[in-house]
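Next come two complexes built around chain A: one with chain B, the other with chain C.
Coming up: the complex of A and B.
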């Protein structure tokens, strides 16, 4: 890669309804590994991916909750949580990783506007 | 303009696969170029040579192959997504000791890095969601 461009991955699916949550994270990790400027926003059912203590023993599915800390490992610092989605889900920010920033609709629109490449999962 | 197109939906199961195909055809008819087609998630199923759709339905994988071959398009199928969903080329068949391979002519299995490259090199990247 010769250029650095900015990416925003919008992750709106719940962790265990199919493969999209995983697909978004895999692509975010890949872009970060190629030293691109990566941001991720969790919106809609996507906020559920951030819940602590996800127990996938009974379902035998890949634990998405355990993949979230890898964002920090890949140096993805710009991770956002859509506040209205939290409210709709009946969740408080205290139940989610504290290092992620809350955004409202206006801030999300600004993020989309300034990003080179936006992809939705 | 150089386009790359990301296809995430399976043929027939998702309306987005045919939309992506029609869009790709229109991009070329309009005089633009396609830098890469990238098949991700369920989209990898568009590259199977074993689909037998009913005669009154579009043969989407065959149409993709025709588009790719007649326009010499770089069509990449994501390796991780493909393996999981049973889309293999000969190399993967041998590597994993499977009983066959089913990747259509014209498609190549490769990594997510090819998608990142496409986003760097293209003027526009259009994703058709799952």
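Coming up: the complex of A and C.
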């Protein structure tokens, strides 16, 4: 018998400022592999992880941009983008993956309230 | 003549700008390069920087972050070896952040 727990990973750091962005994605993949109910929200500088055309070959960093599309293959179905953060970063929704849902503060509050485990990176 | 390098978003850039001298230049590296984008946190930090101040950003860091096509025209994108040349060209280097 397995118990399903819902997780919400709040990813709030830019892709290469430290290990935070990478850690959030790794954990989301892991939890999903164990068939848990996983949601991820990109907020604040975290929305910068969603930019396509990240090319880390010269800087020898792990490409975060390439990990984002993998979320859906790992069965992480609920991926959200915090809309006010997009505006603050000067990004348009058209520049970002279309399959992710935009959320406002109110929706995010609800997500936090209904999820069993919320972790911030 | 000072070369100021900034490697983080926001705060340290503001501090750097507040002490900027007449012939100084700013080089954005690592997460500092996000400040090259046209809209950054809804604030145009470059508005009050004189046109004579040279502004640089490290190409590798722009490319890694996928923003090389979003930078303001004022910025000159430079390679690592140009970075080395700049450090020789200027009297000293101040690393912010």
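What we mean here is this: the second predicted complex is superposed on the first by the 120 of 121 C-alpha atoms of A that agree within 3 Å, B and C clash if a C-alpha of one lies under 4 Å from a C-alpha of the other, contacts with A are read in each partner's own complex, and residues count from 1 in each chain.
In the analysis below, a residue touches a chain if its C-beta (ideal position, glycine included) is under 8 Å from a C-beta of that chain, and two chains touch if they have at least 3 such contacts.
Bear in mind the structure is a predicted one, so any value in this text is a computation, not a measurement.
Asker: When the two structures are laid over each other on chain A, do chain B and chain C clash or fit?
Answerer: On the superposed model, which is not a single observed complex, chain B and chain C fit side by side.
Asker: With the two structures laid over each other on chain A, which partner does A:40 touch: chain B (first), chain C (second), both, or neither?
Answerer: neither
Asker: Please work out whether A:79 is in contact with chain B alone, chain C alone, both, or neither, and reply first, second, both or neither.
Answerer: A:79: touches no partner chain.
Asker: If we overlay the two complexes on their shared chain A, which of chain B and chain C does A:28 touch? Say first, second, both or neither.
Answerer: Touch status of A:28: no partner.
Asker: Is A:68 touching anything from chain B or chain C once the two structures are fitted on A? First, second, both or neither.
Answerer: Touch partners of A:68: none, neither chain B nor chain C.
Asker: If you stack the two complexes on chain A, which partner ends up touching A:15: first (chain B), second (chain C), both, or neither?
Answerer: Only chain C; A:15 stays clear of chain B.
Asker: Using centres of C-alpha atoms, tell me the angle at chain A that chain B and chain C span after the overlay, to the nearest 10°.
Answerer: Spelled out: centre of chain A as vertex, angle of 90 degrees.
Asker: Is A:90 touching the first partner chain B, the second partner chain C, both, or neither of them?
Answerer: In the superposition, A:90 touches chain C alone.
Asker: Per the contact definition in the header, classify A:48: touching chain B only (first), chain C only (second), both, or neither.
Answerer: second
Asker: Look across chain B and chain C in the superposition and give the shortest C-alpha distance you find, in Å.
Answerer: 15
Asker: Would you tell me the residues on chain A in contact with chain B in one complex that are also in contact with chain C in the other?
Answerer: none
Asker: What residues of chain A sit close enough to touch chain B in their complex?
Answerer: 1-3, 5, 7, 18-20, 23, 26-27, 30-31, 34, 36, 116-117, 119-121
Asker: Contact residues on chain A for chain C in the complex?
Answerer: Residues 14-17, 45, 48, 51-56, 58-59, 61, 65, 87-90.
Asker: State the interface residues of chain B toward chain A in the complex, per the touch definition above.
Answerer: For this pair, the touching residues of chain B are 6, 8, 40-42, 80-81, 111-113, 115-117, 119-120, 125, 127, 129-130.
Asker: Under the touch definition given earlier, write down the residues of chain C that touch chain A in their complex.
Answerer: Checking each residue of chain C against chain A gives 8-9, 30-31, 34, 37-42, 60-61, 63-67, 69.
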